[in-house]
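Which chain is which? They are A, B, C, D, E and F, in the order written, and residues in each are numbered from 1.
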Amino acid sequence: MKDGTRAKLAQVSTATLTTVLFKRGFRNVFLALSPLAPEAPRLVGPAYTLRTIPAREDLDGLDVFKDPAHPQRRGVEECPPGAVFVIDSRGDARAASAGGILITRLKARGVAGAITDGGFRDSPEIAAMGWPAYHARPSAPTNLIHHHCVDLNVPVACAGVGVHPGDIMVGDGEGVVCIPAQIADEVAEEAFEQTVFEDFVQERVAAGHTIRGLYPMTDPANRPIYEAWRKAMGR
Amino acid sequence: MKDGTRAKLAQVSTATLTTVLFKRGFRNVFLALSPLAPEAPRLVGPAYTLRTIPAREDLDGLDVFKDPAHPQRRGVEECPPGAVFVIDSRGDARAASAGGILITRLKARGVAGAITDGGFRDSPEIAAMGWPAYHARPSAPTNLIHHHCVDLNVPVACAGVGVHPGDIMVGDGEGVVCIPAQIADEVAEEAFEQTVFEDFVQERVAAGHTIRGLYPMTDPANRPIYEAWRKAMGR
Amino acid sequence: MKDGTRAKLAQVSTATLTTVLFKRGFRNVFLALSPLAPEAPRLVGPAYTLRTIPAREDLDGLDVFKDPAHPQRRGVEECPPGAVFVIDSRGDARAASAGGILITRLKARGVAGAITDGGFRDSPEIAAMGWPAYHARPSAPTNLIHHHCVDLNVPVACAGVGVHPGDIMVGDGEGVVCIPAQIADEVAEEAFEQTVFEDFVQERVAAGHTIRGLYPMTDPANRPIYEAWRKAMGR
Amino acid sequence: MKDGTRAKLAQVSTATLTTVLFKRGFRNVFLALSPLAPEAPRLVGPAYTLRTIPAREDLDGLDVFKDPAHPQRRGVEECPPGAVFVIDSRGDARAASAGGILITRLKARGVAGAITDGGFRDSPEIAAMGWPAYHARPSAPTNLIHHHCVDLNVPVACAGVGVHPGDIMVGDGEGVVCIPAQIADEVAEEAFEQTVFEDFVQERVAAGHTIRGLYPMTDPANRPIYEAWRKAMGR
Amino acid sequence: MKDGTRAKLAQVSTATLTTVLFKRGFRNVFLALSPLAPEAPRLVGPAYTLRTIPAREDLDGLDVFKDPAHPQRRGVEECPPGAVFVIDSRGDARAASAGGILITRLKARGVAGAITDGGFRDSPEIAAMGWPAYHARPSAPTNLIHHHCVDLNVPVACAGVGVHPGDIMVGDGEGVVCIPAQIADEVAEEAFEQTVFEDFVQERVAAGHTIRGLYPMTDPANRPIYEAWRKAMGR
Amino acid sequence: MKDGTRAKLAQVSTATLTTVLFKRGFRNVFLALSPLAPEAPRLVGPAYTLRTIPAREDLDGLDVFKDPAHPQRRGVEECPPGAVFVIDSRGDARAASAGGILITRLKARGVAGAITDGGFRDSPEIAAMGWPAYHARPSAPTNLIHHHCVDLNVPVACAGVGVHPGDIMVGDGEGVVCIPAQIADEVAEEAFEQTVFEDFVQERVAAGHTIRGLYPMTDPANRPIYEAWRKAMGR
C-alpha cells in the first residue's frame, strides 16, 4: 500500500468499495460478517491467513496447544502488526475459531483486526475491547471439536470470498471487503473521491432534492454546485 | 383505511396482529425481518412494491441508473407519501436492495418506511436515521451484482409472504405483518381491543396472578375486574 | 446440585464450560441461541422441558388455551422456581414458542429463565424485562400455527442438543450450555478453577505477555507468578 | 380403518390425498421423503413411532444395543404387523436411523414399511428388498453418533409433519402422506372417487381435449361423458 | 431463432453452453434442476413464463380453478407449441407447481417442455411420459397451499436465474441453461463447434492421450490431427 | 496399505466401516456424496487432493488452462494410478469441479476414482463410464466461475470431513468413508470380520430369527451356530 492508502480506506464504506470494485469487474468481494464491536475503529490492513479443515479426534486433543508450532498459536504470535488475522473456518461456527485471550494477544501485538467465517468465543468480552473483530455468530465450544488448523498465510476462502495473503481487508459496521492487493491504492483513491461525492448527494437529498439528475449526476447543472460545495467543504 | 386505523395500528404489536389474522384463517402474514433502527417509530402504511429478478451482466451495468425510468429509481421518486416501499429481493441478501441515499430520499418524500427481504447497504447510516426500515441483514455490494429491477406495484413475494399493492404493512421491533387491504380496518379495531385486554393481563400477571382463568379469560370472575380496570385507565 | 454449584456456575462462561466438558468427552453441549437481554443475569438452573410437534389444524385452534391442562399453559404454572423452562420447538421459529405474558408469569413464579430453539413473540417487551431468555430469533406469529404442545419434562432436543430433565442449563451473552446432571458439581468446580486461571492469563496477555508457555502453562516459571497473583487477588 | 380402506388407499396417489385433505383444512400432511425402492408396493398402514433426541457420548456407546429394552431394538420387535415404523430423526441424516438388518427384521415380521426423516444405512441393500422404505438420503454412520432413542409410540415430528400413533401413512413414488386416524376412511373413499375422475380426465387430455370445462368439470356437457366412461370401465 | 439453431442446440450439452456463455461474460445461466425423465429428448425452446407469489387463504381455495382466466390454467392452454413453460415457484417445493394432467395437456399441445424451481406432483406419472420436465424435487401437495399464480409471460426468477420471455431454454440430463434470446443463434453456432472439438478430445483422451497441449489445444501439432479427424468424421 | 487391505476394503460397506471407526473414537468420517454410477466398482484408494478457493475474475479466465502448471490440470496428470482424486470444492456445486474429459483422463491413467463435494459437469457421460465418481449434484457451469484451484496434495476439507493425503477413501452406493492412513490395515481387517458376521445375521433375520440375542450376539447359544455357518460358507 502507498502512503495514505490506509488513511483513505479508513474513511470509505464497504458499500462504496464494492461499487468501485464492481467497476473493475469484481463481483464477489464482500464478506457478510458481523462486527463484534460495531463502534470499533474501521478495520484496515493486509490479510494474514490461518487455514483450517475439519478436526479429527486423534489429532485434535487439548494437548495440541502445548506445541508452540500449532498453527493457530503460532499465527497469533507471528501475524505482523498492522495486518489482519483472517481465519478460514469453512463457514462452520459450531465451534469457536478463537477466543478472548488470543484476541487480546493479537490486539496487544498491534494487529489491526481479526476475521473468521465461523464464530469467536468469549464474544461479550471481545466486544467490550472496542477492537475490530468480525465473525458469523458467537460460538462457545472449543475449536478442537470441529477445527483442525493446518497452515498459515496461504490463499484461503473466508465467507465465500477468496482471500490471498496481502489482500487489503476493510471492515465497517456492515461487514468486510477484500481488495486485491495490486489494486488497493487505486481503489482507495477512487473510493475516497466517490465518498466525497456521495456525501454531497446525501446532504442534498436530505435537504429535499430529487435523486433525478443528481445520482448519478446526469444533469450537468449539478456539476458546478458540487464543485462549489466541495471547495466550501475543503475536501 | 378508515380514519383512525393508522393510529390504532401504530399502537398494536405484530404479535397481536398475527393472532387477529389467525382467527380469520390467515397463517402466513409475518415477515421475519429485522428493524435497522429498533427504536424507530412503528411502521404503518399501504404497500408500494418493487419487483426484482436475478441480474444479468448485459442488462445490469452501472449505466442503468442514468435512466430515470429505471424501476428502482422511479419507485423511489413515485412511492406515495405515507406508503411503505416493499422490495421483493427474492430473499437474496448477497447484494444490496438499496442504500443510504435512496432511503434518505424516501424519508424526505414522506414515505412511511422501507422493507426488503434482502439487505440494505449503508446500514449503519440508515440505522442512525431513526426511520422504519427492515431487512434480512446488512449487505454492502451494489444491487446490480444480483438484482435486476423489473416492475413497480405488482403483487410480490417478500420474506415468504404474498404482498399485494395496498396491503397494510405494520412493523415493530419484532418484524413486519402484512394485513390484506380489505380487512385492515376490522383487524385494527380488534387488535386494538385485544391490546387493551393483554395490557390488563400483563399487569395482573406481573403482579403475581396466575394465567389460569385469566388468559384466556375462562373464569367469569375476572370480567368485572377487567371492566373496572379499563374504566379506571380510561381505555 | 451441591450447595455452591449454582453460585460457581453463575461466574463461569459458557466457553469455559464447553472446554471442561470436552475434557470429559462431551462435544455437543452448546445451544447457539441468542439472549433477548444480553445484560440480564446469568442463567443457571435445572431443565424443565416442554415438547412440541408440528401443529395440526383440527387440534390447534385458539380454544385449546381454555384447557388448563394444555401442556404449554400447565408447564408455565408448574415449572419449579429456580428451574429453566426449555422448549423443544424443533428449530422452527416460523411461529412463536411463547410470548410476553407467559414469560412474565414464569418470571413472577421465580423460574430461572426460558429457552427455545424457535422464537419468542413480544420479544422487545421480554428483552426489557432483564430476565434470562434465549431464542433463535424473534417470531410474532401465534404458536398454534406451527407448534402442537405434547408433553412436559421428557428428554428433548433443543438447538441440536439433547436436554434431559434436570440437566443444568447455564447461559451467558454467548448462548447456553447443557451440563449432564450427574456431573454438574464437578464441572462447576473445575470451570471455576479454570476461570481464575484464565483471568490471570487474560491480565498478563493484556499487559503484553506472550501466550507461549503461559496458555497453556507449559513454562513452569509461570507457576509461582500465578500462585502469587491468586493469593494477592484472594481467589 | 374400515375394511376396504387399506385397499383403496393402495390405489390412490399421495397427490390426490393432499387435495382431499386440503378440502378438510389440512395443509401440512406431506412428508417429502424419497422411496429407497421406487418400484416397491404402495406403503399403507397405521403409524408406530420411535422418537430420538441428539446423542450424548456417555449414553450412546455400542453397548446400548445389548439391552433388549433399547427403544430402537424393542420397536423393531414390537411394531405390529401391518403398521408403519416411523422414526423421528429430527431431520438429521448425518447418522443412520436404522440399517439393513433391522429393516430385514421389520419386513420379516410383516411390518408394512419404514419411514425416517433422517437416512437409512445399507441403503443399496434395502433398496434391493423391494419393500416400502422412505428417507431423506442415504447415511452410513452408525446411529449412535447423533441419535439417542427415547421412546416408542408417542406423537412425533417427521419431515416437518406431526405424526400421531395410529395415523394412516400412505406412500408412493413421490413421498408419504399422513392421514389423521379419525378421517382415514372418508378420505380414502373420496380419494378413490377423485382418482377415478382424474383417470378419466387424464385419458381425455392425453387424447387432445382441453382442460377448460373438464378439469375442474365446470362444463356440464362433460358429465354424461364421464358417467358413460365410468360405466364402460366398470369403475 | 434462426433455422437450424434449435437442431444445433439439441446436440450440445448444458456444460458446453455455460462455457460459451461464460466467454461472453455470463456467469449465472444454469438452473440446477433435475429432469424427471433423464432419457427424455433434449429440451429446447423459448421461455413462456408463469409467475407465482405465496398463496393467501382467502384467495387460493379450490374454486379458483373454475375460472378459465386463472393464470396457471390459462398458461397451460396458451403457452405456444414449441415453447417451454417456465414456472417461477420461488424455489418453494413445499407444494406442487403443477401435476400430471396439466403436463399431459402441455405435451398434447406441442409444448417443448416444462420447468419449475419448485416441484411437480404426480411425478412418477410425468417421468413415465418421456417428455422434458425439470423440477427441484417431487411435491405432492396441491399448489394452492403455497402458490398464488399472478401473471404470465413476464420476466421471472427460476432457480436463481433471471428468465425473460423468449430466452432460449436448453435442458439435458444435467439441468437447464437459459440463453439470452438475442445471442441464441451465435451461442448455438459456437457451442456446436465446441462440441465437435470436445468429441475429438474425448476420443483421444479415452485412447490414452494426455490433456497437455490438447485441452486446450496449445500444441499446434494437434491441429492437423483434429482437422483430419473432423474430415474423416464428416462433421 | 498392507497387501490384501485393498481387496478387503472392496468387500465391506461404508456403513460397516463407520462402525469400526466409531469404536476407535472417530465420529466424522463419512462424506455424504452420491455415486454418479451406482453400479460402478467399489472405490478404494489413497487420497490425492486438489484444493480450491472462491474464484476471482482477474485470476480465473479461460486462458488459465493453457498453463500446464494449473493445479487442476496438473493434478489430473500427476495423481498416481490407484489413488483417489479428492477435490475440496468447499461444498459449492454452483460451478463444476471437473468434467467428462478430465474424468476420462483420470480413468485412462489408472486412477481409482474421483470425489468432489461440489458437482461434476458432463455428469450423464461420466455416469455412463462405470467408474467410481462421487459428487453432491450435477453442475454444468465451468469451474472458473466459482473455483480457483490453489494447491495439490495438502490436507483438505471434503463434504465436512478432514481428508489428509494418503488417507484411504472407500466408496460404495451410499457414499464415501475416509479412513486415517495409519489405521487402514486394522480397520480393513476388523470390518471384514464384521461383514462376515453381519452376512450371517442378515441371513438368519431374513429367515425369521429375532434380532434379540443375535444382533449384537448377547445370547451365547448363537455362537456355535455362527461358527458352523462360517465354516460351511468357507469364510
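The rule is simple: a residue touches a chain if its C-beta (ideal position, glycine included) is under 8 Å from a C-beta of that chain, and two chains touch if they have at least 3 such contacts.
If you want to know which protein each chain is, UniProt gives these names: A, B, C, D, E, F = Ribonuclease activity regulator RraA.
On a predicted model such as this, the values are computed, not experimentally measured, just so you know.
A.B. asks: Determine the shortest chain-contact distance, in steps, between subunit B and subunit D.
C.D. replies: Each step joins two touching chains, and the minimum needed here is 2.
A.B. asks: What chain is the most remote from subunit A, judged by the mean position of CA atoms in each chain?
C.D. replies: Result for max centroid distance from subunit A is chain D.
A.B. asks: What whole-number Å value describes the gap between the mean CA coordinates of subunit D and subunit F?
C.D. replies: About 31 Å separates the centre of subunit D from that of subunit F.
A.B. asks: Just curious, how far off is subunit F from subunit A if you go by their C-alpha centres, in Å?
C.D. replies: Spacing between the chain centres: roughly 37 Å.
A.B. asks: Report the inter-centroid distance (CA atoms only) between subunit A and subunit D in whole Å.
C.D. replies: Centre-to-centre distance between subunit A and subunit D: 49 Å.
A.B. asks: Could you say which residues in subunit D touch two or more other chains, in rising order?
C.D. replies: In subunit D, 27 touch at least two other chains.
A.B. asks: Pairs of chains that touch, anyone?
C.D. replies: Chain-chain contacts present: A-B, A-C, A-F, B-C, B-E, C-D, D-E, D-F, E-F.
A.B. asks: Taking the touch rule as given, give the residues of subunit A at its contact with subunit C in the complex, in rising order.
C.D. replies: 62, 65-66, 68, 73, 76-77, 93-94, 96, 99-102, 104-105, 108, 119, 121-124, 137-142, 144-145
A.B. asks: Residues of subunit B touching subunit C in their complex?
C.D. replies: Listed in rising order, the residues of subunit B that touch subunit C are 13-15, 17-19, 22-23, 27, 29-30, 32, 38, 172-175, 177, 198, 201-202, 205-208, 210-213, 215-216, 218.
A.B. asks: Sort out for me which residues of subunit F touch subunit A in the complex.
C.D. replies: 25-28, 53-58, 90, 148, 150-151, 154-157, 160-163, 180
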